[in-house]
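Should a chain be cited, it is by its letter among A, B, C, D, E and F, assigned in written order, with residues numbered from 1 in that chain.
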């Protein structure tokens, strides 16, 4: 195991997903510990460390990918939190989901908006959301 | 038909997709003319006119959605051109596709990268691509 | 906003989806109100107002599309009710789902049949269902 | 092998898909002959023989399922022909595909409309199409 | 109905899926009894009776197909049990799911691993699992 | 870059995919060289090096995943060759694809069988295929 790669991945995972990400990794510790190791090493240690796009752009893309794929509501929950963590506003997040309507249709977009609603409610203090809507 | 909405959609379609978009709309003129009308009115006259995200962000999202969905290579061709049209660099576009690997796997990402390669070759003069790679 | 289009869409939504549809639209009112507006204007004000197919045929098609797509059980719940609302019988609805087996396999069809079972039970008085099975 | 079931399936396949269907079955004769046998026995001998829906309704459903699934253009080609064979008009077929826009998005619908355009052109004499469009 | 085919399918269903399979079939008895009949006759009486691959190999394939498809967690639950029933070890089952990461991405694989975790916990006595992890 | 991981991945890629795999990696060398690097390091250096399943089992799983996903015919072409390379017989490969019928339907299975037919014809000398069929 490449220790340096694991550590930079873990740091990036903490920065992006925060507790939500580490909870998922831990929950698989007794059945598929390498799933979490690969998420840390490959997804966060390799992909999320790349240049050319910043973390806000990466989360817009991730949310579009999970929205389109369907059946990934638990992962959307993690990445909707991540999107807020890296500085996207609730309005930008909802807008990213809305942009998928012409490409993937209303149902998948509805599922993603419902997941966003839940995350925004859980975080209550999300700036601008409770106030502006 | 709401003429104003159609016209602002057409203008936005020209700005974003350019000839590639209008060619698709025209090719269906004799069989499903309303497909093109709805793309113009709804996708471009409504969705692409919205605020909160700019056109670069919208194309990153669209490319992620089409990459993830699979089987949409012709539409990727149009939107890879659109991404260049609105000012994304080839590096940013390839990076957006690469960001989808952890979420949708290597095969769908390969299909999208191959579509990007074709578009970049067709446009030959894409700044920075031939030179830097 | 095109008021006439919105109003004919709302009327059609009420006719087809009934309360189930308006509940979904309302539930997003504080987070993505335009999702509901586009469903009303575009899905119901444009698409469902078209000719060449009647509402029964449109709901057969919608149920096939949602069954095949997968992960759309909440939307199936709305459209299984819609199918009954526009006059399809429980037998015709189950049959439409069964017709998808060769094309999308047993699992997606099972998910849709389970959704139908729930709708039929909720509506209890569905004519012919309790009696004939 | 249940001979009676095979024979009623073959008859139904001929009635619905015609030559297009038998060509597919034959093309697999040297590699996976049972794929064709199961299509005949199960898809056509069992499913397409069921009651509650007629063949026109079944083809509307099949086209919606294949359009939504994506990547099934060869199969759409067979079933777009089948739809005409069982008496659906070109207008009804295009309309069935259009009805999928809100549920599966513009790209998958575009792929299906392009497949329909090709079938209608190949059959040239399709009544009403060349004339009315 | 081909009685012999039904009976050999039922026997095979019992051998592979056990109670989990029969419960699903029964739960649809009042709404879509033929869904269960076709699963028994076609999926188990035809496909699962074929040669060239044994039952362990067939369950590895089924788990890969359900993992990739997404939104099939109830069916995964049945087939994760089936995989244990035909003699695959928990390690082999988790490994089959992990093998799908490069092809379908981390999210679908996570959903399948979570389903496996639930099945292994329910069966408690699964040899080697509680001990080795 | 972890040189040891890259090298063991490359060796495994050569063993499994052979020239077909290296050709894909090379074809992206001027546009997305890291796509190939990650396939080598992660897919082959990590995943394909794991224990609990042998290479034959891994290719059965990969073929099931690609068949189910759809729109991955180029990748199926590579992995159908890989399946033969690691010692699966044509009959076992076709059987693995057939096993997916109940789960993903006839159309996706047809696409995969057609891809297999092409690979078997290209390799002409595949033992037992030309003779037995």
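Here is the rule we go by: contacts are C-beta pairs under 8 Å (C-beta built on N, C-alpha and C of every residue); 3 or more make two chains touch, one makes a residue touch a chain.
For each chain, UniProt lists the protein as follows: A, B, C, D, E, F = Carboxymuconolactone decarboxylase.
The shown structure was predicted, so the numbers you read here are calculated from the model rather than taken from an experiment.
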### Query
What chains, if any, are shared contacts of chain D and chain F?
A, B, C, E
## Note on the structure
Looking at Cα centroids only, farthest away from chain A lies chain D
### Task
Look at interface D-F and say which pair in A-C, E-F or B-E is its repeat, using the rule that over half of the contact pairs are identical by residue number.
A-C
### Query
If you list every residue number at the chain A and chain C contact, are more than half found on both copies (same) or fewer than half (different)?
different
### Task
Measure off the straight-line distance from the CA centroid of chain C to the CA centroid of chain E, and report it in whole Å.
30
### Query
Taking each chain's centre as the mean of its CA atoms, how far is chain C from chain D in angstrom?
23
### Task
Give the residues of chain B that touch two or more other chains, as numbers and ranges in rising order.
34, 38-39, 42-43, 50, 66, 69-72, 75, 94, 98, 101-107
### Query
For the complex, which residues does chain C have touching chain B?
2, 5, 34, 38, 42, 46, 50
### Task
Note which residues of chain E are touching chain C in the complex, please.
24, 27-28, 30-32, 34-35, 38-39, 43, 66, 69-72, 74-75
### Query
Which residues, counting only chain E, touch chain F once they are in their complex?
39, 42-43, 47, 50-53, 57-58, 60-62, 64-69, 72, 75, 89, 91-92, 94-96, 98-104
### Complex interface listing, chain F residues touching chain C
101-107
### Message
If we count contacts the way the header does, which residues on chain D are in touch with chain B in the complex?
### Response
70-71, 94, 97-98, 101, 105-111, 113-114, 116-117, 120, 133
